Amino acid sequence: MARILHHSRRAFVKYIILTLLALLYLVPLYALTLAAFRPGRDLLRYGITLKTLIPTDLHISTFKGLYTIRDGIYITWFGNSLLLMLLQTSLALFLSSFVAYGLSLYHFKGRKVVTTLVIFLMLVPIQILILPLYKLMITVKLIDTFWGVFLPMIVSPFAIFFFKQYIDGVPRDLIDAGRVDGLNEYAIFFRIVVPIMPPAFSAMAIFMSMQSWNNFLWPLIVLRTGEKFTLPIGLNTLLTPYGNNYDLLIIGALAATLPIIIVFIFFQRYFIAGLTSGGVKG
Amino acid sequence: MKRILLFLVLITCMIGMVFAAGSKEESSSATEGTEITFWTFQDLHMQFYVDMAELWNEQNPDRKIDFKGEVLPYEDMHTKLLVSLQAGKGAPDLVDIEIAKYPNFLKGDIQLIPLNDVIDPVRDNFVTARLDIYSKDGKNYGLPFHVGASVIYYNMDILNAAGVDPYAIKTWDDYMKAGKIVKEKTGKPMTTIEVTEHWSFWPLIAQQGSDFLDADGNVILDNATNVKTLQYLKDLLNSGVAIATPGGFHHAEEYYGFMNDGGAASVWMPMWYMNRFTDYMPDLAGKILILPMPRWTSDGARSAGMGGTGTSVTNQARDIELTKDFLMFAKGSEEGNLRIWEDLGFDPPRWDVWDNPRMNAPNKFTDYYLNDDIFGMLLDIKDEINSVNIKEKLPAVIDRLKSTVMIQALQQQNKSPAEALKEAADLAR
Amino acid sequence: MTRKQTLGSAKIAPYVFILPFIASFLIFYLYPIISTVIMGFQQVYPGQVEFIGLENYRKLDNPEFKVALKNSFRYTVYTIALLIPIPLLLSVWLNSGNRAINTVYRSVLYIPSLVSIVVAGTIMRLLFASSDKSFINTLAIAVGVEPRQWLLGGSHQAMILLLILALWRWVGVNIIYFLSGLQAIPDELYEAADIDGASPSQKLWRITIPLLKNTTIFVTTISIFGGFAMFEESFILWAGKPSPNNVGLTIVGHLYNKGFQEGEMGMASAIGIVLLIIVFSLSISFLKLFGFFEAEGRR
């Protein structure tokens, strides 16, 4: 009995701490949400104040700014981010799973080297490559284009590794059955392997969409003109003391964040699968 | 699976909406004329150019332009411009380059277009020192906005409450004494000092004929005058007469809010700061008096020409001749120079407009400030406006001032002014 | 033999499958790395390229680069010191008890990682704004601490801000890594320990932590390169301006300033090479130390 009591007291303390922590973690987003209903200038002057955190004096009209300020440039940025996200994610899914299939299924010369290379490249942060990549983009005239933003990202070592793990687990009988039916190597991939991969695809799709949506450094360098900016790059330009764009900064930040959180709440499972099942095993 | 499908449908709808909105916009904003793209880091400059573009289109119906400007953050804009010029792609036709960054654009093969042919006919009407700033090997690459005379802005509400007469403040010693009275009587600081930029420091040394670089471009940042002056700023802070600027510099929103609420009794900044008061500190209307800066010695200079923005045409301009002509019209013509005063409150670089009656007419600046004759005050100190040297090492020196010197010597005070200046100077050499 | 048969044959097909990777490796990794090495020996201005030997590397011997190295190093060490034990402990908590409730906590802690760094940095700036009325300064005054200009403070203050930001964004992600590691530990081990009368802390030290070794290695490795590659956080916190006293200057920040703000591409390349060497040697020797490669080979 004492032990159970002891146990439940522990659990009580545990949940108190967890609750406090969770509330603390929500403060910034709560503050942003309320801030978005108020004029931006006061926020920049005095910061988020205790008063800001009390939900009074809210004006829904600030959101009109999303499509009125600077002729609705925000909508353009939003569209750019969406378009880039879709292009980058779908191409990366296709190409990375294609490569992963080759690495998983065949025993060919150089397979080990390539597999090791994939693992090594996972350890190369993009930040190191920005300078030469940027020069490359100049040479091939892809500076200030969407191609320049997503081309270097579409064959992702991480995604290859993830898909390879997944395909490793596909029963070989299934693939041999395809051979018996007279399918060629590519048909086996498209008709047999791809149809059983949606769980892996959705996990990776969510993971990569997130990366693309929030990608900052590389688009910052590649993109030059205002109509081509993505959301993070556009919002960054509003962080200046020389302009009058604070209203857009705050509501824009909220409008860039909320959709993702909503998607997360609906598709949690896939978010978490994308993070874990590829890399870590116990 | 169903949920994913639903999600994809939703996404597709959203994209559809976005593109629908986008295409509608394009069709409505189509105008005739040659497109001229423009970047600046200053919202107020943008408004000026937009107005000048309208005027140009009225006066040149056969050479209409479609002016498309963009305001970017200061560092961001200069970074983007530098890389775009190196890339040979993505740069605008016309661009504002701030003086501290200008030398970066004069390295290697220069990617800006010389303006000599459009300047030459009226060259004699310019304060030529302001053209030289944006030049290399006799070629002028940028047009200035202003002379940038440094002045001091007093909040008369606070000075009156303390019983201090600003006209009696003749020297920086007087200023210190007056500051102590203000502090004692009102509890408010006399001024604020920038700790992440250099505008509190540069005019004071330029007043005394010193600078960051000498005329040949050598670093003299750590000379005796500069050390003594930085020490003076430190004394202002330590005696409570001054405080470190909220937000770090005089263009921070925090500072605007602080000053607008009557936070400090004065600030020294160049003339071009006038429009920051009118635009960002509306509550101080009718309270601010502009005066020449205190002197260091009884016959010392009362001002210094500070800062500036050179507008340049890039070699990526669609129509170089048209862009040059428009730039000259906007910043080099008599009308343009008058408007620089009327719209922006800058002291225009063409001296031949200084006695134009329009310089004395009421406008939003004369309404805001207590002065009867702002430009008369400026004419009075015209010969005391010392100029500064803009050479290749300037960006490096200024970056160091912003990142280390002012913070170390003034805010944290973990290095003496002499040490902080010496270290930065060595790094830049 | 027709062409189609050749391409479709089981001999050639594997190479077709890996072709996208090979192409992308050559274009987007190998070529850039080689060209960085070359540019590291050059002074690169528009239209003027000059070979200057080791001059760029010699110029790295300056206080700024040292500050950048020091900041990146400190940041990496601190993030590892915080972002391993805290998520580990939390994940142990979240692994027992009511599942539905745990999911809620896990989600709440995870959500910040979905927020773009631009947005996260902006909120941080606003919470830590320098006016006396700002959220953090109000709290500071309430507990009797002087209000501060947080972003203009010394290097400790700056590091604290960066670490708070890192904690906010990454605790949830690491919790998920550790949770997935925990779920692979067989329950029988704990049951056996219970029979032996082990206390919760004994179970943590004797079973949980040793069996989470691989997860910990993985999380540490990503923290090493994440830490050394850090740039965006400080770029946003100080709104793209040089941070006061270079408190937020990191190696990548220095690279960015040199290459993109001052147009010194050669110097920036040299910095990139140094960074590449640091990250590679650290993470590979770390993985070697813990026998990660052998484990890979055996599988």
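Each chain gets a letter, A, B and C, in the order it is written, and its residues are counted from 1.
Note that in this section a contact is a pair of C-beta atoms (placed from the backbone, for glycine too) under 8 Å apart; a residue touches a chain by one contact, two chains touch by 3 or more.
As the structure is a prediction and not an experimental result, all values here were calculated from the model.
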| item | value |
| --- | --- |
| Which of A-C and B-C has more C-beta pairs touching across its chains | A-C |
| Chain whose Cα centroid lies at the greatest distance from that of subunit C | B |
| Whole-Å separation of chain centres (CA-atom averages), subunit A against subunit B | 39 |
| Interchain centroid distance [CA atoms averaged], subunit A/subunit C, Å | 15 |
| Centroid distance [mean C-alpha coordinates] between subunit C and subunit B, Å | 38 |
| For subunit B, residues that touch 2 or more chains besides their own | 73-74, 76, 83, 86, 247, 254, 257 |
| Shared interface positions of subunit A, touching two or more other chains | 44-46, 221, 236, 239-241 |
| Subunit C: positions in contact with at least two other chains | 129-131, 239-240, 260, 265 |
| Contact set on subunit B toward subunit A in their complex | 1, 3-4, 7, 11, 14-15, 18-19, 21-22, 25, 29, 37, 41-43, 70-74, 76, 80, 83-84, 86-91, 247, 251-254, 256-257 |
| Residue ranges of subunit A in contact with subunit C within the complex | 10-11, 14-15, 18, 21-22, 25-29, 31-32, 35, 43-53, 95, 98-99, 101-103, 105-106, 108, 111, 114, 117-119, 121, 123-133, 135-136, 151-152, 154-155, 160, 184-186, 189, 210, 213-214, 216-217, 221, 231-232, 235-236, 239-241, 249-250, 253, 256-257, 260-261, 264-265, 268, 271-272, 275-277, 279-282 |
| Residues of subunit A defined as touching subunit B within the complex | 41-42, 44-46, 67, 71-72, 75-76, 78-79, 82-83, 86, 134, 137-138, 141, 143-144, 198, 202, 221, 224-226, 236-237, 239-246, 263, 266-267 |
| Complex contacts: residues of subunit B adjacent to subunit C | 73-76, 78-79, 82-83, 85-86, 104, 107-109, 111, 195-196, 244, 246-248, 254, 257-258, 395-396, 399, 402-404, 407-408, 411-412, 423, 427 |
| Residues on subunit C engaged by subunit B in the complex (per definition of touch) | 45-48, 62-64, 129-131, 149, 151-152, 154, 239-246, 249, 257, 260-263, 265 |
